[in-house]
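Structure incoming, see below.
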């Protein structure tokens, strides 16, 4: 059927087989085996287009393999393996299956050579991932999941509309580099933008990620947004607008990350913040910048995973991830604290850790191409990341003022997953050549120059100093049991209020009308309500006579139109 | 074709006028009468109008009954009416009778179950049933929320 | 608006141990050394402003201070009680116990 | 030349297949009554359906490449004699109807035993076979008046079948009565239309009619005939706003009958409409184009939205499906109104795909009725856990109803959107997509009720027996199968569309 075996099929087969296995350990084992086999398939996949299938007269290219696709597919496989290892204790078939489907769809989307198969997998990630949110099982989670699903599916629908227009304009469905200009490309851009967390389109991210289960958040953090980064790099590399969008993403999320109380939400904002770096890189569009975006995506998947794993472990042991309720946990969770520090060092771009060798590619590219404002904002973003994530997370959870909580160290499989992920962070930092070899373009870049090391150390140290002094002086925003508004306020609070006010007004008007005894108007409104309203069961039991009247009317219209011609 | 209202045109198409009057009468009864049996009667009149339309179409002026002589020597000068519409309408009459009897049988059952054959009364009962179902449903659902 | 201040209090200056002060002094020393290091080697700059001595020290210092101030102001504006979106909001719900494995270590 | 008419020499049993197609179920019906045995009724009905399915498959294979089979009843040559004329379009319909019957009947055995009084079973299956053979007859015949006769055979037995739901709810009787009045008026309009055509042309054979209308052109009589036929058939296919009989009829009929009718009866009516608009008349006539685009299309669009909205607000699963059917018929009519090969292909494929989808859903309704007595959302909540297999099938076929990629429903909507775009009708394509969003809402409501709400505390529902599950799943798997293997249906539909438009072989 296919000339190569599509890696996504391994995940699909795994997802079909997994629920049938009776034993939880067997299921967890199978779920670990799937990304290993999938990763091996990706590693050995020949370059070029493969697995072309025909659907309803369209040729769909299931696999278009080049270095840009393979690096994302590989990091997705690795992330799937690590997060499934972290989730070894999960007994819930739904979560296990959804994870496989989610990771499989993301990998399928990365390899999709045309817009239709991209759309299919795009929606696949949306639908599979929402189960990780619903798996929390509370009513709040259900509503958050609905919001998340609505936005994600909308993104897919927009993508499909864009694809249809694109097909009409160009006669091709191939997913290649495109230039903004037509309605089609704008729609596709918008669809990717939603998943990518563009400013004002990003409210789903911080709304939904912290709501998922302990393991679900780790899994969510790896795929959807990085898939969007891949799609941008594939379709819109070098689009100048993206530089400003990326700058906006960095700026708009920084404050939220500073003042948010839920540590998993802090990490969601921080993730969104880091996406801004990649988007700027894609906007610059040079080989160096694209390498930077791809490598930073890889590094970001890993360090974000280890941080979320550590916070997840804390949640798993204490039942909360709120900064206001935590602190001093290093006493009983030393290893988790250590791994969190590795993640922090990576996101702070300390030398010898992964962020150092990837972020600098983007910053250098911005300098080379004379995008000084973007460069300055990214520099500011780096310094801010030191404060709001790299220091705040370990401080709030592990090292800050004691909360009195004395939980056990995280379970062994979690420690193993965190340790492996942390090891990857260090490995990339120490030996960046291995990662550079996988990047889309040849890399001729030296990270470890004296200048670079010193400047980065200065940046981190001074940002840390500001944090420490401000915290000591009591000027740093306090972690309080409160929530912080974001743009999702518009549809969570404003819109319902407006609709409520409107319907109240309507009700008042209705009362006015009813009291005025305007019988004919009342009759019309009543009938309108009944034809479509929930009580239409009553109204729609039409007497035969009126049915016949309708027939006569239609016959009359038909006869008139027929004769008129 | 002249569309002027001249007498020969009106008289020449008298079968169509009758057909239209009968058809409209039948349809009117179906629409206006609430009694189920009367509706069936209206339906019958409506169908009869169609039968008449067909039969009058088959009539050829001066034509005789379309029966072949037994010796099969057909006189080319004799004009026969078209037998086909009659045959068709025989089938349609059978269908009409079947419809009528089925309709009446249904009315008997409706009378047993609803206790009335007036449309108004039946719809009142049905509306009450639907309202009761709706009330039960919304109560249970709101309780659950 | 009511805010639960009890747990914020643990971050108050008086509740931070003597280690905190020592750490800040240490950190300041590291910063000073790094600042001075700038004069010890030759930079190859792309952006003119980089050639300013200690640019990578002053820039984060200034911007981070500014950020902290902006954040404090915005926190005052955007902060809402936990039950703001209640009842159908996850913030008002405890994490379901069957998804957790709480174990206390006795120390 | 692919449309060559095969010479008619019925020498072997094989040559009599078109006749047997009708006669087998038609004579099985009285056989059931004469046998009078409650135990034998179902096996006879099932055997007749299976034989019909085999025959229809053999016929379909003969004509799928664009060939035509003509069969002369009693050896009388058309146009005087009645002709059965089979091309790809009606072979496709014959196959759909008999396949649905074979799938639904095993399901019906348990479902009918639950919903219909035992003493009525023999007559029930006899009426079912009459309805079945009537529908097949409508599809197979090449004679305009014969269409009416078969239409009435199927309609009369349908009224009986719907009324047999009275054991569960007495409103089935009034639903059947209303349908009888409406159906009879529709059929009579149809006869009037045929009468006008006969007056204008002097023939009843469809091919002959097409010839003569084509040569003499349109006149008032032909135009009036067209209008009456359109409205008559429109009533039968529940064309909005003449759909008012349908919701009650489908809601109160026994579930097996709802499944069978939803999947076949309206579809056969759509076929009749296709046959008359494209074979007997032809889109070359201005009056036809105007009528389709200014009368049928607005109503079709209206149906897609108005009926969907009503479906969204329903609180009864079965009634919701009935309204959704009205909306889906809008899609088929829209495809016809496009008057292009792609549009017609969309209509025919949707006819098939919607048939299997609705069959699956209505059978699932039957399963819920068996276990919960009713299908209000408060009766079936939480069934995702209590009846996992039935509910999973509802999810699959619900996705197909929405038109999610990978399901049958997607294929037909995709082709429909393509057809609209080909004509440059942007707004129409957008409306199709927008109305699919409404389908998302009403399907989601069901899924939410089934999976996200707890079951009633007094619920003792358990999974239904295999004899019901297997047919449900055959239909559900067909939804997926024809969503992935799109070639089979699309090829047959394209060839049918080409045959109807007379572009076969070009």
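So that you can tell them apart, the chains are marked A, B, C and D in the order they are listed, and the count of residues begins at 1 in each.
Definition applied: a residue touches a chain if its C-beta (ideal position, glycine included) is under 8 Å from a C-beta of that chain, and two chains touch if they have at least 3 such contacts.
Quick caveat, the model's predicted, so the values are computed rather than measured.
Q: By count of C-beta pairs in contact, what is the leading chain pair?
A: So the chains sharing the most C-beta contacts are A-C.
Q: Taking each chain's centre as the mean position of its Cα atoms, how many Å separate chain A from chain D?
A: Distance between chain centres, rounded to whole Å: 44 Å.
Q: Take the average of all CA coordinates in chain A, do the same for chain C, and state the distance between these two points in whole angstrom.
A: Going by mean C-alpha positions, chain A sits 24 Å from chain C.
Q: Provide the C-alpha centroid distance between chain C and chain D, rounded to the nearest whole angstrom.
A: 67
Q: Residues of chain D touching 2+ other chains?
A: 177, 181, 185, 220, 315-316
Q: Would you mind listing the residues of chain B that make contact with two or more other chains?
A: Residues 27, 30, 39, 126, 133-134, 138.
Q: Spell out, as numbers or ranges, the residues of chain A touching 2 or more other chains.
A: 534, 537, 541, 544, 546, 548
Q: How is the touch graph of the chains shaped: line, ring, star, complete or other?
A: Graph shape, chains as nodes and touching pairs as edges: none of the named types, so other.
Q: Of all possible chain pairs, which ones touch?
A: Every touching chain pair, ordered by label, is A-B, A-C, A-D, B-D.
Q: Report the residues of chain A in contact with chain C in the complex, numbered from low to high.
A: For this pair, the touching residues of chain A are 89, 136-141, 143-144, 211, 213-214, 254-255, 258-259, 315-320, 324-325, 327, 331-332, 364, 367-368, 372, 375, 379-380, 383-384, 386-387, 400-403, 406-409, 411, 450-451, 454-459, 461-485, 492-493.
Q: For chain C, which residues are in contact with chain A within the complex?
A: Counting only chain C, the residues touching chain A are 3-5, 7-8, 10-13, 15-16, 20-21, 23-24, 27-28, 30-31, 34-35, 37-38, 41, 43-44, 46-47, 54-61, 63-65, 67-68, 70-72, 74-75, 78-82, 84-85, 87-97, 99-107.
Q: Which bits of chain D are touching chain B when the two form their complex?
A: 145, 148-149, 152, 156, 159-160, 163, 166, 170-171, 173-174, 176-177, 180-181, 184-185, 187-188, 191-192, 195, 198-199, 204, 220, 315-316, 376-378, 381, 453-454, 456
Q: What residues on chain B touch chain D, complex-wise?
A: Interface residues on the chain B side: 1, 27, 30, 36, 39, 43, 46-47, 50, 53-54, 57, 84-85, 88, 91-92, 95, 98-99, 102-103, 106-107, 109-110, 113-114, 122, 126, 129, 133-134, 136-138, 140-141, 144.
Q: Chain B touches which residues of chain A in the complex?
A: So the residues of chain A in touch with chain B come to 534-535, 537-538, 541, 543-546, 548-549, 552.
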